[in-house]
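Input: structures, listed below.
In the two complexes that follow, chain A is the common piece, with chain B as its partner first and chain C second.
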Partner chain A sequence: MLPLTIIFIIGFLLPMLTVLRFSFDQFDLGTGLQIPAWSLDQIGIVLSSPLYRSLVLRTLSMAAVTTVIAALLSYPLAHLINRGPRVLRGLLLAVVLTPMMVSVVVKTFGWTVLLNSNGLLQSFVSDLGIPVQLLYSPTGVVIGLVHTYMPFMAMSLIASYATADPRLEDAARSLGSTPLGAFFRITLPQTYPGLVAGAVLTFVTSMSALVTPQLLGGGKVSTIVTSIYDQAMTSQNWPLASALGIVLMVLTALILSIQVVFRRVN
Partner chain B sequence: MITAVIILFVIAPLAVVIVSSFTTEGYLNFPPQGFSLKWYGEAFGNDSFTQSLITSALLGLSTTAVSVICGVPAAFGVSRLGGRLGFALEQIFLSPLTLPAVILGLGALFVLTSYGYNGTFVGGLLAHVIVASPFVLRSVLAGLQSLDRRLEDAAHSLGAGSFRTFFDIVLPSIRGSIISGAIFAFVISFDEAVVTLFLTSSRFETLPVTIFSYVQYSNDPSVAAISSVLVCISVVIVFLSTHFSTKEV
Partner chain C sequence: MIDIKSISVDYGSTRVLEGFDLEVDAGELVSLLGPSGSGKTTALRAIGGFLHPSQGQLIIGGKDVSSLPPEKRSIGIVFQSYALFPHMSVFENVEYALRIRGVGRSSRRKTAESLIDLVRLGGQGEKKPSRLSGGQQQRVALARALAMEPQVLLLDEPLSNLDANLRKDVGEEIRRLQLDRGLTALMVTHDRQEAFGMSDRIAVLSGGRIEQLGSPADIYRNPCSSFIAEFVGQANLIPATVRSVNSSTVDIECFCGRLPIPRGPYDYTSGSTVQMLIRPEALKPNPPDGHARLATRVAESFYYGSTSHLEIEMHGQNLQMTASGAHRIAAGDQLTVGFDPEEIALIPNCDRSGPTHAD
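Here is the complex of A and B:
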């Protein structure tokens, strides 16, 4: 146990504490120097400036939209995998799992080609008269986020669907309920624990995505995480990057606690 | 109908990368024109691609080795320790799974820079072990849970010491969990981009990071070719592992 403990102290505990410590430091924008301090200036900038407030809001709303779309797409998949014909099950499960083995960089690269302004999809959307730019826009980022993080939602829903008793649906149907009625009144409530678990995971992971907003946003769609990356690597403003990191950590912890509260209530 | 659209949505970006790597044109577009392997030649003739591929493979193998060598005894220790301390240690060792990778990358950048290890292979290895070892730990802990502890008691009562019991009884019984944890660790390290983006330098660059920078600044189909190679390696490894583990059980 000792070797891994030492690795975790140097590679995990120390980095985390350093991020926390640096978030209290000051940064001289003129000289680009980091000044050791115990101040709340950086956290203050993140929480009070309109720029960073809109950044936090944009990050949260893109994660929320991603989570909702992922849930809407995952329900039909979970339904077919658990209730559909046997032949389809293996195929659909493979479809859900395959993207999980592919690096997010490659998946996102595929989207940059597909969503390209000269591409099929963009001209299709424009022909329909929808004035939406796909690549380098929040729309493109959300498409990429849904694609990357939907498997978490799908896996969670598939698992909770499997525990829902199909005989209850049959009973509802035999008592005169329509298939949709049976779904909404009987099956859906039984999948709530899976939905909450999947939603929390999808929200948290899409909020922390770096590659997707960076490549599909093309510098025009910034989130908390892309700003952390820019501040740390381009501006070399480590205190501000750390403060943004602390805000991201707190948001992540808050959202993860939703699941704990939900479990207690049930 | 809805299902067909969802399947298309899931598969399309991967298919586009692979299909457009065979184009004869000089720029990326979909649908591509013609069929040629020339961009694979270009990709393997590009030193920065081959160098990153080698770095990624070496880093993946080293990460897997360290994660297994340190992770298996740690999992055993945690499970035998039990109680509050065991539970707390388990939570700490598994916490990189829920922590945003960007925070880990940022912290590792700070710490490695202050000790002069930023942009080095060793620095990258340390960060990758943090990201990958939870997968080994999780898999081995699950294996240990289904292990009958009376086997160890029997070995002890027959005179075997703790080391002998661990190597002769415990390790062989959890071989399957170790192998699947190791494969997970390799694929996670091989595909990792977020943490590595913070730790990269001209001397140390992994393939996902190289692809990331190429996609931003170039439109040349050799990126599609090298990406397809990356996808094939991951998929083949995962396929082999499922094949292997179904045989095992």
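Here is the complex of A and C:
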């Protein structure tokens, strides 16, 4: 028992504790040396500088937009899979789950081809007269994030939709609701636990994504995670990277606690 | 009030409901009684608007609703599983139809509260349905359907999810309410007791069509086929030959001799073979003079308190008999039983697809 517990503690917590420790160190920009210390300088830089504040905001808003789009796409999907013709079910499930089986690097290069200035989607959007640049922009990153992380939302909603009894919709219809009314008043509220679970997972994972914003953002769309990567790998500024890492962990913990609170309320 | 005109329903190439015709008068409760697969649930779903008949017409209160969606039909439905909304309180369930219709809050509250009182759930309005017993949930479902003041109430196997000893009470309660409020109702059930106890008329379904329509007593006493005779109760069916047809009786010949049997609603031709229906309770031990008399041996005897169920044997034929529990009859006894020919019915020997009605 005890040795196993120790292995788990070391394996799971030690890397995070290391990051926590590093975030108190100091960094000499002149020499590029990490100076062991117990200071709040690095956290102070992250929290006070407008640069990092907008970085946090951009990260949160891209994760939020990704989550909302994933939810809007997952509802019709969950409806079709649970209520639609039998032949569609297997096909749709396969389509939604494939992204989970494919490496994120492969998927992202696929999107690069579609989104670049000569790509199919970019040409289509430009032909419609919409002045938006897809690749190397937040739009492109969100498209990639939705593709990669929507399966979490979809699986969660498909499962909770399955527990909603279709006869309740019949009952609502007989009492005067239109099909859409029955969905919003009866089916939707029953899927809230699934929606919350799916949203938390989608939000947290897309907030922590590295490859997608790096490749589809092309260095122009920085998030907390791409900054951590840049600080640690390019600038060798481990204390600042660690401070950013702490901010990310605190945000993640806050989001996860939403689900705990929701479960308590219900 | 309800006029169903030759509705047929097909699932792919299978016809599950065939030329379904039925009229239900205002204030009447009619049951669709049949075994599973007889098409009764299909009929209910078609009337509710949840599936589209391939042909036929449905008229409710003089208005053709055939092409209307469920929400425009003004039909209240009590679902077999109750289908209460789990995320809403009893009160919110009951006021649902009124909220959809945009009725104001105070008027909604008044109606919902009086309905909750009506189904004897006063004080339980704030509870979630999952905290109520099966019988209470059923009453919430009824109150919810009544809140919309439907022209017609559909009851889908309303008692099937209840404990056996609760069924009779709840059934009688629904019937009382239906009579008091003058509700027009159509009930679907596979349970003959339920159908008999609650209905003004019963339509017995088999193979997707109505095989017989009549009052519970008509159907019990003069079933038009041996299938119905056996489906609605225990039946002794004995082959007999028609000797002559008179104005009010039919003379038949069977193993117990020649007997005059009331003619009933059907036509017979002399010389034809028919079935004689003797209900178990029509057989009586130690019959008075004037009754047909049979010498039998008791093969089995089961005592149930108020009644005894006997299996009696004669001429190598076994008959079911229900005797008063006051008689002490044991297996192996010799027993003279008899019956009043007036209590016997004849079943025309028709094939199941086309019974011949005299009317």
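FYI, the second predicted complex is superposed on the first by the 254 of 266 C-alpha atoms of A that agree within 3 Å, B and C clash if a C-alpha of one lies under 4 Å from a C-alpha of the other, contacts with A are read in each partner's own complex, and residues count from 1 in each chain.
Going forward, a residue touches a chain if its C-beta (ideal position, glycine included) is under 8 Å from a C-beta of that chain, and two chains touch if they have at least 3 such contacts.
All values reported here derive from a predicted model rather than from experimental measurement.
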| Aligned on chain A, chain B and chain C: do they clash or fit? | fit
| said: Contact-wise, after the overlay, does A:165 reach chain B, chain C, both or neither (first, second, both, neither)? | reply: second
| Who does A:190 touch here: chain B (first), chain C (second), both, or neither? | second
| query | For A:31, is the partner it touches chain B (first), chain C (second), both, or none of the two (neither)? | reply | neither
| task | Quick one: classify A:4 as touching chain B (first), chain C (second), both or neither. | result | first
| message | In the overlaid three-chain picture, which partner chain does A:234 touch, first (chain B) or second (chain C), both, or neither? | response | neither
| message | Once the two complexes are aligned on chain A, which partner has more residues of chain A within touching range, chain B or chain C? | response | B
| said: Per the contact definition in the header, classify A:48: touching chain B only (first), chain C only (second), both, or neither. | reply: neither
| request: Determine, under the contact definition given at the top, whether A:18 touches first (chain B), second (chain C), both, or neither. | output: first
| message | Given the overlay on chain A, how many degrees, to the nearest 10, lie between chain B and chain C at the CA centre of chain A? | response | 90
| request: Check whether A:109 is in contact with chain B, with chain C, with both or with neither, and answer first, second, both or neither. | output: first
| Minimum Cα separation, chain C to chain B, after superposition on A (Å) | 23
| query | Do chain B and chain C touch any of the same residues on chain A, and if so, which? | reply | none
| task | Flag every residue of chain B that touches chain A in the complex, lowest number first. | result | 2-3, 6-7, 9-17, 20, 28-31, 66, 69-71, 73-74, 76-78, 81, 89, 92-93, 95-96, 98-104, 106-111, 114, 126-127, 129-130, 133, 187, 190-191, 193-194, 197-198, 208-209, 211-212, 215-216, 223-224, 227, 230-231, 234-235, 238
| said: List the residues on chain A that touch chain B in their complex, please. | reply: 1, 3-5, 7-8, 10-12, 14-16, 18-19, 22, 73, 76-77, 80, 92, 95-96, 98-99, 101-114, 116, 118-120, 147, 150, 204, 207-208, 210-211, 214-215, 218, 225, 228-229, 232-233, 238, 241-242, 245, 248-249, 252, 256
| note | As the complex stands, chain C meets chain A at residues 48-50, 69-71, 73, 75-77, 79, 81, 83-87, 96-97, 100-101, 144-145, 147-148
| query | For chain A, which residues are in contact with chain C within the complex? | reply | 165, 167-168, 170-179, 181, 186, 189-190
